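The structure's right below; bear with me while I get my questions together.
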Amino acid sequence: MMSTASFRALHDQLRRQVPWGACDRRGALGHLTAERVAAAAGEVRLGRTVTLAAPLASSGPDNPEPGARHMKRLPGEPSDVPGVSFAADQLVMNVHGDVDSHIDALSHVSYEGTLYNGVTTDVVTSQGASELSIDDVRNGIAGRGVLLDIPRLRGVSWLEPGDHVSVAELAAAEAAQQVHVGPGDVLFVRVGHRRRRAELGRWNVAQSRAGLHPDAMEYLAERQVAALGSDSNSDTAPSVVEGVAFPVHVLAIHALGLHLLDYLQFDDLVPACEAAGRWSFLCVIAPLRLPGGTGSPVNPIAIF
Amino acid sequence: MMSTASFRALHDQLRRQVPWGACDRRGALGHLTAERVAAAAGEVRLGRTVTLAAPLASSGPDNPEPGARHMKRLPGEPSDVPGVSFAADQLVMNVHGDVDSHIDALSHVSYEGTLYNGVTTDVVTSQGASELSIDDVRNGIAGRGVLLDIPRLRGVSWLEPGDHVSVAELAAAEAAQQVHVGPGDVLFVRVGHRRRRAELGRWNVAQSRAGLHPDAMEYLAERQVAALGSDSNSDTAPSVVEGVAFPVHVLAIHALGLHLLDYLQFDDLVPACEAAGRWSFLCVIAPLRLPGGTGSPVNPIAIF
Amino acid sequence: MMSTASFRALHDQLRRQVPWGACDRRGALGHLTAERVAAAAGEVRLGRTVTLAAPLASSGPDNPEPGARHMKRLPGEPSDVPGVSFAADQLVMNVHGDVDSHIDALSHVSYEGTLYNGVTTDVVTSQGASELSIDDVRNGIAGRGVLLDIPRLRGVSWLEPGDHVSVAELAAAEAAQQVHVGPGDVLFVRVGHRRRRAELGRWNVAQSRAGLHPDAMEYLAERQVAALGSDSNSDTAPSVVEGVAFPVHVLAIHALGLHLLDYLQFDDLVPACEAAGRWSFLCVIAPLRLPGGTGSPVNPIAIF
Amino acid sequence: MMSTASFRALHDQLRRQVPWGACDRRGALGHLTAERVAAAAGEVRLGRTVTLAAPLASSGPDNPEPGARHMKRLPGEPSDVPGVSFAADQLVMNVHGDVDSHIDALSHVSYEGTLYNGVTTDVVTSQGASELSIDDVRNGIAGRGVLLDIPRLRGVSWLEPGDHVSVAELAAAEAAQQVHVGPGDVLFVRVGHRRRRAELGRWNVAQSRAGLHPDAMEYLAERQVAALGSDSNSDTAPSVVEGVAFPVHVLAIHALGLHLLDYLQFDDLVPACEAAGRWSFLCVIAPLRLPGGTGSPVNPIAIF
């Protein structure tokens, strides 16, 4: 268990390493320079694309407030429109809902009275976030994606809920997979959440969830990672920090300005990596344009 | 004005050119082979990304049933979660709403009792589309994007509502822009809708709208285009076909199996093309994973 | 266990007793004549009003797709409106959701290819019910309400899930409570669902639920009841009829044209009845005006 | 034009007349004593019920963010449920949306930093109103309703947008209609909004709307009215008070604790009053049970 004081010290130390200045609103995406975007396109050789998102989840122990897609209009019904009829639907969903694949904007997390980079929480009103909203990422995130597969490293099918990924394991996974996480990479860490869910059924992820150890954020800062995604939500439950419930969210989003991608699915990606013989790829993440939004549902695409 | 009979003949002629067989469910995306995806990555040189989507539209004459993003939780309020607080929101929106940027699945259009490729309309029930849903495109669309800018060709700011783009103009735009639309390309046709909207204000697009002439679908079929996007919805209003309201939708989606992208915005893309000195780019389109969905909101990303 | 054939015979026998003719769309509300409405007002002596609805339910084992009320605007935030600010919210909910208090329109149930009174199911399209919608009850239901309290009769706190109320028990409750159910009455039958829920916690009501035995519908027909409400949904789970899942819904709504009120709460009503020394009252039910709706959330009010 | 200072003086004067004490949360409903509720039942003689609500409004110039009722399930489709199938729908709507019939809770209006009776605005958070919510009215409002028909008094079809009802006119309408508004009455004031809308079409009610003059609130206070409803929203647009946009809302809700009912429809009520030969009736208002809600859609029922 990490003490509250140690956590705050870690937070502040990470905060001091952020090089972007007081007016920055993009956070770690600053590591994703144009050169690195262009270089990432070199990852594409096979012309194969793979989704990193899961289907909109139905109700269950891990999704108590499920979204829904309803039909507004069915084809073949009487219609005002001559010569053609349309099927159409409506979408209702929580942007940050467990366990739907989504991206967190930098306005998502408040810690000790501020958002990322000291922005005051009152920029978020009932009308949305006037700063640090997901629309700041309207041009998308395109960069080199790297998947570190921790269950593969351990020789297990998944990490049990409550377990965490250490810094040492991230380094060991790099070595085992012969890939090096570097500046501007979008790092994906697999804990096997979706596989466990598929095999054992759904459980209350608010109470128990595998994730990263907060220490791992030092590694991400050092490697100058641009964004972090997981098939869990990156944070363990219960928390390993005294008095702070989502320490990885706080360190990643609030201290480092890292956009988090939660509840992705890597079960299509792993075999694609195996088939390609490598664990890196061009990754494109395209949040919806939701002005004021504190996040967005997403379907990140890996291209090999 | 094209007669209903001529339209049907055009539809059937296009239908006969589709080479994918009776079981096909991907339509013109079949033109986007792995080789072409891989080649499209070669378009990336500058490392610059640009959104092709517009912000979620508010209510107005062109959006009578606007979507909304509501706050579910504000930062800084009393919370059950120790040491951190979250901002979170909920999204409610029509998938095919004018004038929000979206992609149409092949189940969106019914013509003479069937969907694309003879699939019966009863695959779409109140529970969604069991075939031809947008989740068939879960792995996204990555390919070479090409923008043809018709107002630029004509030397005007925009096409007036009701006006249409002819085949000859598409060819002329290619020549003027020194770009050739070829097999597997994602074609974007700009009519200047967003610019007119920004300068003159909003109007009822259901009644008057610039778009493509139905003949242009022959050109798209011949060029083996993989998907078609527009800053309008590709169809003119009023229709130029007697008794058929959305002829381009019918020909593109129903006859050719072309996914349509409606109400995109190219006002960021045009200067990016100018700066890059070319009208082609890598384009990545990532629909949300909505099983059964007849479309999805999207934010297509152009990468130079 | 009642056989499918016996059930159909019971259904047809009830159907034959309905006196309203082939064009009727109001069903058993026909029993609620103006004279009976006027007489029901005589129930009011104390001037006390009591809700028969439960609060909008949150997510839980008995409500897998909960509704939500979100804030659209908070007071005290910067606003365009001079001199005043408003709090406002938005409502998203399933009309027939377990376990929210609601009324079923006569279009809610389809049995052997028709709705109530032989109306074909194709009157219900994606645009709603063009016949038998809840807007047919726009003027509300005002009549004498009678509560029969079955747990009180049995001397228990509640009926266990799966248990059912027999015809004999309805008659015995009348005798014990010294009340007679008669023509035009709105009958409420308490099984103690809400009390069990409050004391033992929530459970999956789709799988196990106390309710009425289908035979009880004969009693309701004979007594010429105008509408039926319960703190459960009137049907037991599992069903006591072979091959028919909601036999009371079918008999009540489809055969008799009885509007059902599901998931009411009587925990405020019981002490009010006790205080008043009687089990009848003026009852007013005011569905929202949802044209095409197959039901509505409601808050029935008892007035003593 | 009333000055801001005069308005504040009027507000404070009304505020001082409120007799309920510092802990009161029910406001003017305190005038609706049990005796008065019981007496109101004496209004029922004919046994006729009439809706005072309008159907859920579609999109238009007066309803830029319309609610919607969508089908979740259609009858006759393949279903998991044996022997029966259901039609079901979902409701999405703004609680206070123009021009849907609704009731305002006392938490709806904030003026000079407080809600009704000095309650601080921070009781309303993103989670709803912890005080003064509409669930405080869960037992409904049952009392004598009185309709004053101002267009009838003036011999016109409706009041033009921007026009207002004076105190003198309220008194004149009483005299002309031979009805006296007294303690505990629910007062309905007709300005003819719905009739104008039906005949001339919809217009932007945010900009121009007939309503009551703020002075009328003195009359309501003196008469000890329990609640106020209108076919408009009671306030004129533009406002007749300098610097205060909704003066009647402020005086009624904030100063007097009067629940307001907005955008009702009286086109069914007027002929019912004429047929009954009187302008008073039993009125029952049953808000939905929305804990934390700042209002609710309603369908008030008049019973003659």
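Labels A, B, C and D are assigned to the chains in the order they are written; within every chain, residues are numbered from 1.
In this text, contacts are C-beta pairs under 8 Å (C-beta built on N, C-alpha and C of every residue); 3 or more make two chains touch, one makes a residue touch a chain.
A quick note: this is a predicted structure, and the numbers were derived from the prediction, not measured.
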Copies chain D and chain C - interface residue numbers shared by over half, same or different: same
Of B-C and A-C, whichever chain pair has more C-beta contact pairs: A-C
Interchain centroid distance [CA atoms averaged], chain C/chain D, Å: 27
Length of the line joining the C-alpha centres of chain B and chain C, rounded to whole Å: 46
Whole-Å gap separating chain A and chain C, where each centre is the average of the chain's CA atoms: 45
Residues of chain A touching at least two other chains: 68, 70-72, 74, 90, 92, 125-127
Chain contact topology (line, ring, star, complete or other): complete
Chain C contact footprint on chain D (complex, rising order): 4, 33-39, 41-42, 44-51, 53-56, 69-72, 74-76, 81-96, 101, 107-111, 113, 115, 121-122, 124-129, 135, 138-142, 241, 243-246, 249-250, 268, 282, 284-295, 297-301, 303
Chain A partner contacts - residues on chain C that touch it in the complex: 59-60, 64-66, 68, 71-74, 77-78, 92, 125-127
Parts of chain C lying in touch with chain B, wherever the complex brings them together: 68, 70-72, 74, 90, 92, 126
